[in-house]
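Some structures to go through are shown next.
In the two complexes that follow, subunit A is the common piece, with subunit B as its partner first and subunit C second.
This part shows the complex of A and B:
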């Protein structure tokens, strides 16, 4: 029993990080109908900004985390402004290719600046080991990562559902063409979306760098996983991205735990294909007739 | 604009065509090293050691063939620790640079990707650090400067069984890498043969960073030993996660651990762990002491085993070229194969029909953030 709970916590921690990345994919897709393939690399950039702040000026986490999220939000805004805005009305394929290009640029830029080594963000969350019952062992940082991630997701949900800007975002997602007619500044809404998505990814990056490790290419694999989680949940849907992320992490962890670690990706992705066959637009997605 | 594009393109081709030529008093040797990518820290040691050897031999007048002296020119290429890039690097070194022999690569999966190319081009390859048996198997032109995994895996298994009195062991290894997989299997077989029991045999894929599911499963089996035959860039993370999950097993590893990054990343989590290695700076051997002193003076860092083995590979090759007496790849291959009692930094190297030297291993213990000699294992 302890082992099952421990595996559930392992899955929750991994799922929380997936979700923080997946939200960025899903929000950008929601308003722009565009898959921002550079998003995994924005997550990586966030992790490295956090790493640099923590190692060079020894900034404590309570300061480092908001500052990293803010700086990464600007990175997201800048990418949208420089690379995507001019292409907004172009063929979707041009946008996708541009996004891939931005991603490769970010990977190589970071590699050039900080080097290719694997690193860790110095642990700042308390990591005392707590023992429950007859062998359930949890570190405080694991619980904190899960809780803070859930809190961030709740704030995002409140923001999109209860504020004016959130309403504008949902309106853009619904029908971008009529938005300027309503007196809403489309560019601003899009910039805010990129900012929020990037800031959440940065939070994910910091957690990932504490719990696991970071390197300039980390965004590729994780970006794919989070993207797939967003698709499973129904891309465009915020609740769906969170659900999909925890599901993907759960399937991965429990495949390792009860079947075989050799089959982890095979079974995880096989199951997800099966799910997509049942719900072609994701579990919580709306059916949509539109080309990528 | 288009015309300009064509001109640029033809210039690029011209540059490629010309780059093949060089002065005639040079002996070109290729080096394939993981300068970037996941084990780039080790690629840096490779480069450091190779450049040190080049500088020394040229300062000493180069290599004499007949009555003419030649300087050694190393062409160091980045294989990114990827098999496909290694194949490209080998092609380039052989076809374009026309090197006499190749030193490299370091990880077994990469050396294994380069070896068929060296073999078919009849250019000798010496891998400093690739311990997987398949690298040299059924190949005439491929050599290595290190022991092989069946020996290393057995050494660790016996050490675990006899010195640490372990009865049960768990293994976590990268199933996508030849080296990790090979040594994990040897350890499993040898530990079982010695009367121990393998209670968990878990895998992950290169670049995974979350091992908590596997480690939780391992913890459930409560092993005496956790064996992690993986590279230094992943091991600290695995050990940290194991400790955070409350695993109390003694932790062992293999020569893939040996790089200063291990301690830098792992910190106190590494204390009290053991791994098998090619040599220990603590062993009193004049060739080692000389090398360590020179390397430290030039780079201000302790050399890892990969650096020592690269240095040995360079000198092994320099001696062989001198003995061959001519700049001919096949004659050089024959001279390498005939090497007897070459006294290197990491021990004596002799080849006896195959490309694998017979060498001993050492077990290193990590104590107060340092690699400390624990015991020696001889074949």
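This part shows the complex of A and C:
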């Protein structure tokens, strides 16, 4: 029993990181109908900004995390402004290819600046070992990662559902052409969306770098996983991205624990195919009635 | 007093010229109808005014200042609301959220008054506040679209074929609401193919044909004009354009 709870917590930690990345995919897709394939690399950039702040100026986590999120938000805004805005009305394929190019640029840029080695963000979260009941052992940092991630997701949910800017973001997904007629600057809404998605990915990057390790190519694998999670959940849906992320992490963690770590990816991708056969637009996705 | 003044406005889509230098004016407090067959350039005119389209030449003055350099989202802040063709509501947002979004540039102290004027005008919307806008009937969606225009606290409303797809009874309801809004002080530029309905509530009108104004006058003059009768009031079976409604 304790072992299962332990594995569930492992899955929750990994799922939280997936979710923090998947939200950016789903939000950008929601407003631009575009898969931002550079997003996994934005996650990586966030991890390295955090790493640099923590190692060069010894910034404490309570400062380093918000500052990293802010700086990564600006990276996201800059990418949209420089690489995507001009292509907004172009063929989707041009946008996708541009996004792949931006991703490759980010990987090589980071590799040039910090080198290709694997690093770890110095652990700063309290990591006392807590024992519950009859031998359930949990480290504090794992719980904190899960709790802070859930808090960030709750804030995002409140933002998109309760504020005027959040409502505007959902409205862009519905009918972007009408947004200016409401007196709203469409470019600003899109910039805010990229900023939030990138900031959340940066938070995921910091957590990942504390719990596991970071390198310039980490965004490829993690980005794909988070993308899959967003698709399983129903891309465009915020709740779906979170649900898909925890499901995918659960499948992976339990496959590794009870079957074999070699099967991890095979089972994850198999699950994607199976679920999409049942729900072609993802579990919480809306069937596509609109043009793509 | 002139509220809107359009001088020699020309608009093209690529190499296709949609407007060939039109002149049009609106005085404060008027309802002016812009009539014309399919493809005449009516929607193009409205989209040019609300700065959704680039202008080739000419000028648009609102309250004496040019809108040429104004981005679309600032036009709303200046007091012009545009209810687009096909209504342009946000289907996956609720009725209330649709209205709320239109208050982006509105002074917050006016909000309570604006909501109550929308709900007084359209009690059906008040009953359906929490309903998703996409599940509203066509008539209710049109009411919502007009309601959003009111929420922007505008002086001028541009309406693109509000009668489209509505039953005669709902159509009447919407047009009565437009008259009521006009009485409350808003100026209205009403694009319609349904010339009959439009000229009943309008003070003046313009007739647009192939991107040119071919006729203008008071509503009574236009109703009596044989060319309008023939082309837009359906007394002649094979009139100039397709204009039997929708």
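Everything below uses one rule, namely that the second predicted complex is superposed on the first by the 286 of 292 C-alpha atoms of A that agree within 3 Å, B and C clash if a C-alpha of one lies under 4 Å from a C-alpha of the other, contacts with A are read in each partner's own complex, and residues count from 1 in each chain.
Going forward, a residue touches a chain if its C-beta (ideal position, glycine included) is under 8 Å from a C-beta of that chain, and two chains touch if they have at least 3 such contacts.
Computed from a prediction, not measured in an experiment: that's the story for all the values here.
With both structures placed on the common chain, the touch criterion links A:262 to subunit B but leaves subunit C unconnected. The partner that reaches more residues of subunit A, of the two candidates subunit B and subunit C, is B.
Contacts of A:26 after superposition on the shared chain: neither subunit B nor subunit C is touched. Of the two partner chains, subunit C is the only one touched by A:164; subunit B is not.
Contacts of A:72 after superposition on the shared chain: neither subunit B nor subunit C is touched.
When the shared chain is aligned, subunit C comes close enough to touch A:183, but subunit B does not.
In the superposed pair of complexes, A:193 makes contact with neither subunit B nor subunit C. Residue contacts after overlaying the shared chain place A:135 against subunit B, while subunit C stays out of touching range.
After overlaying the two complexes on the shared chain, residue contacts for A:210 are found with neither subunit B nor subunit C. Taken together, the two complexes place no residue of subunit A in contact with both subunit B and subunit C. Chain contact summary for the complex, subunit B toward subunit A: residues 36-38, 40-41, 175, 202-205, 207, 209-210, 212-214, 216-217, 219-220, 233-234, 237, 244-246, 261, 265. Against subunit C, the residues of subunit A that register as touching in their complex are 164, 167-168, 170-171, 173-175, 177-186, 286.
For subunit C in complex with subunit A, the residues that touch the partner chain are 50, 52, 71-77, 81-82, 84, 88-93, 97, 100-105, 148, 152. Those residues of subunit A that touch subunit B in the shared complex are 3, 6-7, 10-11, 13-14, 111, 115-120, 127, 129, 131, 135, 137, 139, 142, 208, 211-213, 215, 217-218, 221, 252-254, 256-257, 260-262, 264-265.
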